[in-house]
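Quick one: structure below, then a few questions.
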């Protein structure tokens, strides 16, 4: 059975695993005070190329979204997100469980538009009874989005300007950031994220690690008591080295970017293969998630040979499926897929 | 520098790491639906030797305590614990952050007494205004305790009887369970835990794993929606295999018990060495944590060569220190320690 | 200045106040154990004419919504509501602050449709990853709605059937229930509410009381520990008699219904006056809230003489305003309004 | 049956009720924007005689404690209180339900001692792992305490100095403040409270009102978004006038102080009567709550004629009872009591 259902279906990149093996028996302090974590933080800062960065490590995406958002919002504030945003739709109410409403704006292939974000904020303050309502307190976007799409630097800049005008932080969920940064169609760099947003995270779980996300506060703006807040939320690993060592490997010799690049190249090839076989693209994704519209019986047939995600049903006869490449996808995998298709 | 400060100072046991290496490139479903997790659950059930067990994996101790306790309590219920219990003292208010009071009974070398637990519950229901107070809704104990001590089977049975009489669950925090089960002074087995308590966890982080705790509900009593609740709390790993594979290794060929045994043997030897050097024992611990009372200047001198934990100050001139052995402690480590002492 | 901006602009009905005066110096137990509260509960049950009712008193609408919803939902469940529902829009995130997502369906003049509610629930369970999402756990509707509209008995029955099919409770926010029950266009009675929903409340604050809402659980289904939960939420009045005595008066000699009737009659007259003056109705409301579309300059002119609520702006030139009658509106008030218009 | 069981057993003082009657039919804006609320705030500020005061009204004591504490604490902070403090013992876990631990220091007849508060804070910061623990973030005291005792100005000053040294706010629960201010044995004034603490409340429910507490932030330090936070907690009354009008009456012509004085005078007389009858005082309370030790059979006998609170059982043969006077206690009540005793 071929496996294209997601980008977290195998373990860690061999060099990441190698780092865990090498460092395994060396005694280190717990809770992220180890030397690998310190080294990883330095390398991430260097890769960003900006001053004033604070880096923290957490284990997974929902955990990171919940902790970052809750730590930065006042209890009466909510977070603005696309209706299709991960925090709005697929985190089991983690944001609400921490007390905050998700304020939805339309998603356009997964992206939010600066004018619609601004309209929401303006409408809020124009409402005579706004003090009886949830304050827009942050903007959350994912980059790449849940649909594999990317913001241009101009779009990010426009969103950043809206956020700064209304003094709310801009938070970028980079669960798949490596695939976004290496897309052939992007003009957004790590440095741009540092300049334009207030906090973002560099996803590890989906880009070569067993677990782990690197949260970057961009202007020495780590919330007060953030370490203790992580502990209180059950998110502090006794062996913080587990994540530190992995990110140390990921940010050695540009491994993180090379992993991103592999997924992008494999995705380009996957697109070609599917196009050649007459598969219809559902939307044009420049990253590692590719969406196709299939007739239902073809979808059923395919599922006998390939694992993929069923995304949605545009009508009774068709299914949108997602095929994802990753850092670990190989040309052999694609050759086998071409065979099956 | 010798490292005896805790039992989470090195990585994973080589066989645990080996399992991660072997399984690394095999595609598997996410979120704990992988085959290693399934296998680990089976092996844990077999090791327990009881029917009706539900096993779930979480990443760390505070996370496990918070999620288990919150999932089993009504909002107006609190959890009874020793004043020295981990949930009462060292989890940054995780239990309160999830809405529940920790109701304290005295700790006797870390242990609670059945008569004192019952007295608390009785006093509660005798109070005319008890409906204005926090209901005792669960008993939490750690085994081994934070002081390395252990409950006897008779003591556990007495606690269990109090809990059953008042219809509240008994929860055993087994962060160091492997060391408790292999102590030379225990008569408590995994099967006894299944018989006597409602939920317990088998600690991995401190007993040979990089991370991971195995929660066991003992009579098909997993709370409703537990999977989604874990997700909502940010505790669901996309690569659930990371914990599943580690526990699969730990419960293959009795590895978990062998690791426990090593720590116990090393602790016995450490006790002998310290006794021979005239160190005064602070309390008699039958597991891997050993406590000694030192004069302050001796303590300062020792800290130049050995990493240990300062526990408390019984008076101005003395310090109680903790030296911990673990699954990874070797005879060489102890020889080096003997040298230094 | 004429006051038509809301239905909570004056104090209590004289008979309600009279009850407070009469009972003022009589010693009574606290926390709702007083005799007026007991009497009020009996009278409400009698007015409902059903068996198995539990009645509880709370102080206000948002408090009631938050406590009822939170007490009946599992942490991973959310409440379905119209996008215009009070819990979705105007309670400052009270529901989310208690941990629950509000799952929105479209509002049709404030009302939800059974088919759309069912579609939401069906889509949820059809989603392959629904265990990663917020479970639909309750349906919230307001009757009258925030737009003054009412459900027919057939519509309520359809909603009730959907809820029962999916085993989720139906909760009716009756902040203005008195005005709904006495509308000339309704076929819904208190008894119908008992039969069709699981919990509802009879609003006092907006229908003749200084404060107070009567929550009715319809089939002995008061959540466990509800009294203590109210206390924990800071919603238990030491002098519970304050609300009990008021509801005792409201349910003596059908006062509650007479107050509803007055507001309805005054609203009918207000409609006639406005129609005669050429005011355009925004939507057809059968209760005490009436909505008109005005040109902006006319709106500005009117605001010099009358207090009203600005509702929304359908376009740049027009404003929708709300004029509300209440239990206390008199023919003189309307005559003065007619003068001004 | 004579009623001495508490100080909230009757309604409102006639002048307070009179104010509600007089203002009843006058249209006013909702949510505390009415003129009575504005007037009450001014009068309270005048009575305090300090600049920079912010006054807010809430409905009851537990509600006030929960909202004030939660609004001023960071999530990882707890509130220090006496073990016998209301927030620690008798609020159904309201503080924990809002996420915060209550950090207990010993109660000495209900009072905390500055040296013990400082010792707790010092021990916290001296602990090497304090970032894994709940930060002491506020000091809560009640004045009068739950035992009727009072802090001297010197004691309050000492507590204030500790709080300022460690930059944590001092919060005074004044549910019975009127009785404390008018005690013959106090040297603490409203102005002193403004000078020495960061926030306190002036209790209405137990001192002449039907409901209501006046929260005073002493140096323009109302937490951000406090109004919306109140709404979110379900504590905002649509008819804020209900509390505003009552406090307006209470702070007209020193009524609040006169009510306090009545309770004190009646308590002095009650003490004399009981002493004359040979009742043994349990502790020396200078306010309206008086505690006596009775033999159990005498206690049972008394309960046939008088309602009182059973407080605790010092031994098998005796019961401590509380007899409370209030603003409404009369000489006739005491004469009747003397008769019975």
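The chains carry the letters A, B, C and D, assigned in the order they are written, with residues numbered from 1 in each.
Following the convention adopted for this analysis, a residue touches a chain if its C-beta (ideal position, glycine included) is under 8 Å from a C-beta of that chain, and two chains touch if they have at least 3 such contacts.
For clarity, every value in this text was computed on a predicted model and none was experimentally measured.
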Chain whose average C-alpha position is farthest from subunit A's own: D
Selected interface, B-C versus A-B, where C-beta contact pairs are more numerous: A-B
Between subunit B and subunit A, distance of the C-alpha-averaged centres to the nearest whole Å: 34
Inter-chain centre distance, subunit B versus subunit C - centres from mean C-alpha coordinates, in Å: 50
Subunit D residues counted as touching two or more neighbouring chains: 75-76, 91-93, 97, 131-133, 228-229, 231-232
Sites on subunit C touched by subunit D in the complex: 3, 5-6, 8-12, 14, 17, 20-21, 23-30, 59-67, 91-94, 97, 205-206, 210-211, 228-229, 231-239, 241-242, 307, 328
Partner subunit B, residues of subunit D touching it in the complex: 75-76, 78, 89-93, 96-97, 99-102, 128-129, 131-134, 309-310
Footprint of subunit B on subunit C - complex, ascending: 70, 74-77, 131-133, 135, 224-225, 227-229, 231-232
